[in-house]
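The following blocks contain the structures, represented as structure tokens.
Two complexes come next, and they have one chain in common, chain A, joined by chain B in the first and chain C in the second.
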Partner chain A sequence: MTEPSPSILDDLELDALTELVNIGVSRAATSLRELVGEQVHLSVPNVSLVDRAEAIAILHGRDEDKLVAVHQVFEGDITGRALLIFPETKSLELVRAVTGGDLSLEDIIELEQEALAETGNIILNGCLSTIANMLKRSLKMSLPEVLRGQAPDFFSLAPPPHPGDVVMLLYINFDVRQRDISGYIAMLMDMPSLAALKLLLREFIERETGVKAE
Partner chain B sequence: MTYKILIVDDSKLARMSVAKALTSLRPDWTRLEAANADEALILIEQSPIDIALLDFNMPGRDGLELAAELLAGSPGMPVAVISANHQSEIVARAREVGAIFLTKPITEQALGEFIDEAVGKLEGAAK
Partner chain C sequence: MDGADDPLWGVIFDAADTGLIVLDGQSRVLAWNAWMTSASGVSAEAAGGHSLVEIFPAADLARLARASAEALESGASSVLTHALHPGLLPLKTRAGLPLVHNVSVRPIGQKPYGRCMVQIADVTASAHRERVLRQRQNARYDAVVNSAPDPILTLDADGLIQTSNPAATEEFGYPPQELIGQPIGLLVRNHKAWDEALGAVTAGEGHLAIELAAHRKDDSLSYVEASAARWLSDSRVFVTVIFRDVNERRTAEEALLRMNETLERRVAERTADRDRMWRLSTDVMFVAQIDGKINAVNPAWSHLLGWTEDTFIGANLSDFVHPEDRKALRQLIKELSQSATPRLVVLRLRTRDGVTRWVEWSAVAADGLLQAVGRDVTAEREAARALKETEEALRQAQKMEAIGQLTGGIAHDFNNLLTGIIGAMDILKRRITAGKYEDTERFMDAAVTSANRAASLTHRLLAFSRRQPLNPTVADANRLVRGMEDMLRRTLGERIQLKVELAAGLWPTLTDAHQLENAILNLVINARDAMTDGGRLTIAVFNDTVDAATAAAETEAEPGDYVVVCVRDTGSGMAPEVVAKIFEPFFTTKPVGQGTGLGLSMIYGFVKQSHGHVRVESEPGQGSAISLYLPRHAGPHAADPPLNLTTPTGAGETVLLVEDDSSVRLLIGEVLRDLGYACIEASDSQTALPMLKSNVRLDLMISDIGLPGMNGRQLADLARQHRPELKILFVTGYAEHATGREGFLERGMGLVTKPFTLDALALKISEIIRTPIG
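Right, the complex of A and B next:
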């Protein structure tokens, strides 16, 4: 028996992971709809696996430098951190989209932190809990925390990351009440977690398709 | 009576998973697979199908748009749209175009019920 190479996921494993994230985001859209009281459209996420430097470069490449992130740590067979990131200038707009149009600016500013944390929590939990359930593992998730800063700050949170850490990065587009807000979901994992994820994805693929991975 | 069923999903894994369930439910049926709406329409032009299973969330035209198009060409064809996104607006739109909504991940039982209903519908129409 050979150990699978931990560094990369093959096409079918990445496809399976994308499918799990898609299901997670779709479920999150359904939960957000309850919160918002109106249809929420979350677009098809495009999943890529990159290293930290690439993730930072991608985030720098778009939008402004000042970003807001909702951050949650997950622990279990796979350990890492998940972030929902978007430009700081869109933060109030997102809160407005989620809370509806009737609130004054003061109210919105007061609610901002809480609404961001709640929205981030729904989206990140939707993804993480779907991944965990479908891979038949449990993940413990920390409470959401709202961070402000630039891309490099989000990818060097304590405890310090390892050079080999990988980032699962996906573009996400929210469309709520005619407001179109785009951002990213990032999941930062170390190599042992990626190796564990690869094995769990293989088991999942085998269960789903009846085909044993070579 | 065996039928020809089309599976459209941008995820290969999802197509394989539905194919596995179909193989155990109806081993003698013909399966066609497409990764998006355009591919699906090309396949159908070459060989007409009886039943369609469509993922909702796809790049390009989504499963509801494809369902509407298929049903415009073949009214009465059993069509299911599959999604984990079961917001009432999407379920209602599926109903409006004449498709059945199924929740993703699809279970063999839910697929079996849809298939049985589809067969009933096709056999009823053939009489």
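Right, the complex of A and C next:
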């Protein structure tokens, strides 16, 4: 098996991945709706596969440098880190959206860290477990951890990444209680994991379409 | 897991200081550690085989169930925090207090996961610690904010109010719950500057300090000075706004403003008033610099002088002043610049047509400027001059008329008298020529009588003109009146009763006795004429003292001691307007031809000449009283003059007679020789001088005062140079030089006035010759 470049996922595979992710976040939306008690819409318009530098550049291109992330590690056939990333200024808004309007500012600030962790946990679990289930593979996921910092910090977590690591970057949009909050889901993988993902995706496509890919 | 059956794991499982639950593939409890038993009160035996939903039926465990399902199905780990799931499980601490906990769910072992572990972490202590910290922090904050007198609000980045202090409730009327969550626009409405400034502060740019009107709950306005500061909490932006109540200051400022406005209005009104007066005034007004350069003139200037206003501005004042008054203008400016006192001055201005206008100025210098108002008095001046001319003309006409009346009257009287004299003389001349000397006495008496009357007439005229030569002597008015009593009684007739009241101890008075007799007689005759139906006439003589107050009330009176001769009648009296005029010459209440109107005027002249005054009291129907106030004489009464019945005669003394009138010279010379004197005659001073210088014996010089060339008085001076002891008797018909004799007559000199009787002349000559000099 040759080492695939980051762009080895073809359009079909990317489409399939996008579909899987959307199924995942809609499951997460269901979980959030149960939690919040109101309608929650989550959508992922596209998925892009970039290297770390590109991912950092894209995140830097956002309005604000300071970011907050919910971080989880996944292990299995594919291994890596999953991050739900928001501008730090939006995190409180997200918490307020999740917790409702009854809490005072101080309460929200106090609850922010844990609420953010749980919310990110729900979304990331939704995505990852859906993908794992759909690919009929097992992924063991760690408990969530809240990180604050800038984009390069998030993509340089120990152990040090390999130069060939790729980032699957998903733009995600939340629509909760008339609040529209956007962020990113980033999945940082090494090349072997990506190759495994490609294989899994092809199997998934064959299974779903009955057509054996080239 | 290797060694899973080792009993040690069970001990460790129960020893763990955290809640541990193991669920099987159907989410039923496989294991339940001692911590769980302690916290939940549910034993491991009771829990075993049951789902958590069954164990905790009251709890909402949907999310927990899903989490365990995900763990079992796909190996996902989930966390359920107390933040989003407060009191998820009904757990208690050892002390029985609510146990704050987070729950995590993770799969156990490898896929396929037949079991998952639910772990319950006790975060009571950390949650409590956070709360205590927060409360402490809040306590400090609240202590400051809640006791602050100024409203303090905290806004989030969207301008929504997050906190509110009691002062805000006090100030704006909203309780905290009505403010929190509301936009700040509730209080500060439609304020662009505020919105912009707040936006800048929120964005971390600039600062905010604005005075504005905030809306209270009752919609009234509260004036506040707002300041704002941005702060961050975990990178979240907050803005704390402090509103300082400035209503009091604002009220004071508004009051001040209103006062200023009304002041401005009042000033404006007053200025408008002044301006109106400036424009409307017919008086000319100007403001000029100290050097005379005109700053402003009012429109009256153009009306008065004919130039437009432009001509005046910047020009010098002196350009418009009459050349003859420019010096006065310079003087005025000089005086004004040295004193703040306003000056009144008349300066003439020249009009564009070259006409001179008289302008009366009131000018003052202030703040380095001359300010003046001028009134055109040209018309007044012209009117005054015309009036003066008219008055002059009238006076002249009156004088001519008076002279006409006087001369007419006098000519008439004189003609009568002259007729008597000339006629008598003609008869005498014829009789003497014919040698018929009998009966000549009668005609001579007639001529003398007429001549005396003529003398009396001229005397009265002179008295009227106050140029009669008075011959004041110390007189006793009582004796004088007593001497006249018989004569007066005859004059008054039987219908009028005469009463004479003579005060005892009467002071002497210095007066011309003859004139006083004349005056009394005149008054008596007037009184008689006022009592056509008879009545009573009183002549009172008494002492009186006029004090200063009385003197002040009567303009002509001087304070002092007086002898008063009062003539009072019970006649018709006089109206005040008549009284006011009785001393005027020719004024008479009598029909034309019955009086000259000179009587009272003559009396007035005589009394004034004697340094006295006349007081008149009269009312119509109440009679009249006329009092003559004659000054008291300090010395004693004069002794009775010696009775001298024989004409004194000379003893061969030589007399030099200087008289230009040949008739008078002839007459006097004849008299002197008759009286036994030697007489040398001269017609003027030139003729007399050689004789005065010669060694010829001269005992007396009789000289007319009015001589051609050197007059009699000058001749006397020359004569005395040669003959210091020479006695001199002046003769005069016109006593201008002799009225008031002081200084005129020296020792050894005498005066006799024409006309005189021969006896009087003889007496005077004898007297002066016999009186030794010294």
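As a convention for this text, the second predicted complex is superposed on the first by the 205 of 214 C-alpha atoms of A that agree within 3 Å, B and C clash if a C-alpha of one lies under 4 Å from a C-alpha of the other, contacts with A are read in each partner's own complex, and residues count from 1 in each chain.
We take it that a contact is a pair of C-beta atoms (placed from the backbone, for glycine too) under 8 Å apart; a residue touches a chain by one contact, two chains touch by 3 or more.
None of these values were measured; they are calculated from a predicted model.
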Chain B and chain C placed together on chain A: clash or fit? fit
**Request:** Could you look at A:22 and tell me whether it touches chain B, chain C, both or neither (first, second, both, neither)?
**Result:** first
Touching A:159, do we find chain B (first), chain C (second), both, or neither? neither
Message = Output check: A:143 vs chain B and chain C. Expected answer is one of first, second, both, neither. What do you get?
response = second
Please work out whether A:109 is in contact with chain B alone, chain C alone, both, or neither, and reply first, second, both or neither.
-> second
Going by the contact rule set out at the top, does A:39 touch chain B (first), chain C (second), both, or neither? first
- Please work out whether A:12 is in contact with chain B alone, chain C alone, both, or neither, and reply first, second, both or neither. first
Query raised in the report: Between chain B (first) and chain C (second), which does A:208 come into contact with in this model arrangement: first, second, both, or neither?
Result: first
Larger residue footprint on chain A, choosing between chain B and chain C, goes to C
Min C-alpha distance chain B to chain C after superposition on A, in Å, is 15
The intersection of the chain A residues contacting chain B with those contacting chain C is 130
As the complex stands, chain A meets chain C at residues 31, 34-35, 66, 72, 76, 88-89, 92, 98-99, 101, 104-106, 109-115, 117-119, 121-122, 125, 128-130, 132-133, 138-144
The chain C residues in contact with chain A across the complex are 62-63, 66, 70, 73-84, 102, 104, 106-107, 110-113, 130, 134, 138, 156-157, 162-163, 180-181, 233-237
The answer for chain A against chain B in the complex is residues 11-12, 15-16, 18-19, 22-24, 26-27, 29-30, 33, 39-40, 42, 44, 130, 134, 205, 208-211
Given the complex, residues on chain B that touch chain A span 10-14, 16-17, 19-20, 56-59, 83-90, 104-105
